[in-house]
Amino acid sequence: MYTVRVRDHFMIAHSFRGEVFGPAQKLHGATFVVDVEFRSTSLDDNGFFVNIGPATETLHRILGGLNFRNLDDEPAFKGRNTTTEVLARTVFDRLAAAIGGGELGAGGRAVESLRVTLNESHVASASYEGRL
Amino acid sequence: MYTVRVRDHFMIAHSFRGEVFGPAQKLHGATFVVDVEFRSTSLDDNGFFVNIGPATETLHRILGGLNFRNLDDEPAFKGRNTTTEVLARTVFDRLAAAIGGGELGAGGRAVESLRVTLNESHVASASYEGRL
Amino acid sequence: MYTVRVRDHFMIAHSFRGEVFGPAQKLHGATFVVDVEFRSTSLDDNGFFVNIGPATETLHRILGGLNFRNLDDEPAFKGRNTTTEVLARTVFDRLAAAIGGGELGAGGRAVESLRVTLNESHVASASYEGRL
Amino acid sequence: MYTVRVRDHFMIAHSFRGEVFGPAQKLHGATFVVDVEFRSTSLDDNGFFVNIGPATETLHRILGGLNFRNLDDEPAFKGRNTTTEVLARTVFDRLAAAIGGGELGAGGRAVESLRVTLNESHVASASYEGRL
Amino acid sequence: MYTVRVRDHFMIAHSFRGEVFGPAQKLHGATFVVDVEFRSTSLDDNGFFVNIGPATETLHRILGGLNFRNLDDEPAFKGRNTTTEVLARTVFDRLAAAIGGGELGAGGRAVESLRVTLNESHVASASYEGRL
Amino acid sequence: MYTVRVRDHFMIAHSFRGEVFGPAQKLHGATFVVDVEFRSTSLDDNGFFVNIGPATETLHRILGGLNFRNLDDEPAFKGRNTTTEVLARTVFDRLAAAIGGGELGAGGRAVESLRVTLNESHVASASYEGRL
């Protein structure tokens, strides 16, 4: 199994509902350093599957839809807590949709699974991974 | 599959028995920077499964049972080499027992597997992972 | 010259005023991973100057005054942009005041200068350093 | 499942054929920081499976066969693009052959699978993993 | 003193002349992960001195003049070894010239000194720093 | 000013005397990941000052004099606490002596100052720097 990983980041404000969140119920924010792993069992004749240039651009475009936002005001998250886990899943779903829509071409169609990790500090991260 | 990762560390003395260990047969020590990954296939209504605050506290309590010790004197390791692999398994077992004992509540019961990694330097680490 | 460095982090929401900030004029947020360097030309008889345990606690208390806040609502920053540079200076000033107030004891009095670095992502940081 | 990871690096020149590579069609180069993960389900009586000392030496010898080379001139890669993915597979195959040839002894025979990751910058890497 | 740091990278081929370089006399290559620190004693009314957006773009443009090249063929380095030290100085000089030419505006004119660090692997780097 | 940095590590056992050290009075240990920065204002005709190969070997030899030891039993530290600060100074002094003794040749004689940093975990380090 081959894996290609690329890194980017985004910066958001949000708050959480539920006593379990303690002080994180107040409006605060985070930088998420994002690692995306694309996986495939084979390479094409060029010696790769997903082209790292377009893959990086697609990731950057998707993170741009979250960057510099207050997620409490985003319709996509209405009624939900935007935990690191939920955001990892959101980036996964949007990347999967882009790949399914052909945005990464033949290389994208070779992607069998994705793992999206959001690093929120030097001591914590959350990931979502799944098959396409 | 969702993964949540938290990081902490502990510092111990120990020695190894067996010629294969060369100079590490002498009493020396290590800092272990510990990454624990908790895995689950689903999130609860709050948008998470294991609560990162209590999970961090439980990990800190468990590492506190090893921190600032000479492992050669610890009954738990009598007659065994406390290699990085063995210590990764030890932290795994103690975390699994804490979760099994309900210490992390409903979120803990949602944990399906754990991976414990002990980073011993900038060039080496060992992990143990398994299902709960 | 001796330097001791400790690391912690905090997570905030904020926005910037001024067209130069582009999309960062919108409410967003950041995780700041904070490195504080304490510097002294000499050690005491114990073999250190600032005690790393209390120094870490003092840093944690000071960052707790910023953590999980919307800095746009904090009186301390009224009328100012809370750029990474400004926040590095704020942490520096509060640490310097704590040391000046004797919070770190004799070891604190031996501190000749401080450097405070706020890492805002994997590709950017800002620092403030100065003599006490 | 136990995993042991060791790190080393190598530095090469190469170029890629195919318009899809854009400016990387020109002769350029890379540092690859290499992480190898060895995996086994059990430990021996010493408390490990693969001995980290010889494993590190074997990895260093294998990377030495690539280090300080222009890969465009290496017969092993004739007619192929030496992408990060292809090189991860190459290191995997050479390590697998060394283990199969008994170079890591009984510990090597306990290795059930390998993962080889080549980090090419702070924002990109590629891996190949498989069973032995 | 305030410091702002940004990170980018470039990938090149080169060889060294002189027996002292051993196997590095052969054509090989490197990824350089570049950290640039801009320093100033004061901030403007916006709360910063150098604008991190344009600073990042200027650095990227300058590294683009080195990226994906065989430095042995670059007239700028004719007759010289392109060691990490020499390349750190080169990036410093080109950034200093860009700042001197007004490319970073008023914020650039506030920059009093620069430090350019080229990380060539996980175990080695070289820097050049100086006043403007 | 040019700086060249190299990294290596060592692993030791030790204990501290003095109530101020709390649980660290017990025999424990640490991994120290060591960064050494060599500084010079000029380069030689080869494009460097200190040769990174011999510099790395000298550092490795010096750390070998500490590695896999119980520092409580080392005559060099009799009656002293081997804090991270003291150990950073020790590595500095031994490197300075090696350079003074000509071990790094002409390049070593060009070294004007050194900085030695011992990283003891992901959240703490200590350094000693000085002129030669």
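Letters A, B, C, D, E and F name the chains as they come in the text, with residue numbers starting at 1 for each one.
Here is the rule we use: a contact is a pair of C-beta atoms (placed from the backbone, for glycine too) under 8 Å apart; a residue touches a chain by one contact, two chains touch by 3 or more.
Predicted, not measured: the structure shown is a model, and the values here were computed from it.
Colleague: Would you mind working out whether subunit B and subunit F touch using mostly the same residue numbers, over half shared, or mostly different ones?
Modeller: At the contact between subunit B and subunit F, which are copies of one sequence, the residues are largely the same (over half shared).
Colleague: Taking mean CA positions as centres, which chain lies farthest from subunit C?
Modeller: Relative to subunit C, the chain with the farthest C-alpha centre is D.
Colleague: If we define chain centres by averaging CA atoms, which chain lands farthest from subunit F? Would you check?
Modeller: It is A.
Colleague: If you match contact pairs by residue number, which of B-F, C-F or A-C shares over half of them with C-E?
Modeller: C-F
Colleague: Superimpose the Cα atoms of subunit A on the matching ones in subunit F and note the rotation angle, 0 to 180, in steps of 5 degrees.
Modeller: Angle of rotation between the two copies: 180 degrees.
Colleague: CA centre of subunit D versus CA centre of subunit F: separation in Å?
Modeller: Here subunit D and subunit F have centroids separated by 31 Å.
Colleague: Distance between subunit D and subunit E based on Cα centroids, please, to the nearest Å.
Modeller: It comes to 30 Å between the two C-alpha centres.
Colleague: Give me the residue numbers in subunit B that touch at least two other chains, ranges are fine.
Modeller: 7, 122-123
Colleague: In the complex of these two chains, what residues of subunit B are touching subunit D?
Modeller: 16, 18, 20-22, 80-86, 88-89, 117, 122-130
Colleague: Which bits of subunit A are touching subunit C when the two form their complex?
Modeller: My answer: residues 7, 9, 11-14, 23-24, 26-33, 67-70, 120-123.
Colleague: For the complex, which residues does subunit E have touching subunit C?
Modeller: 1-8, 43, 46-49, 51-53, 56
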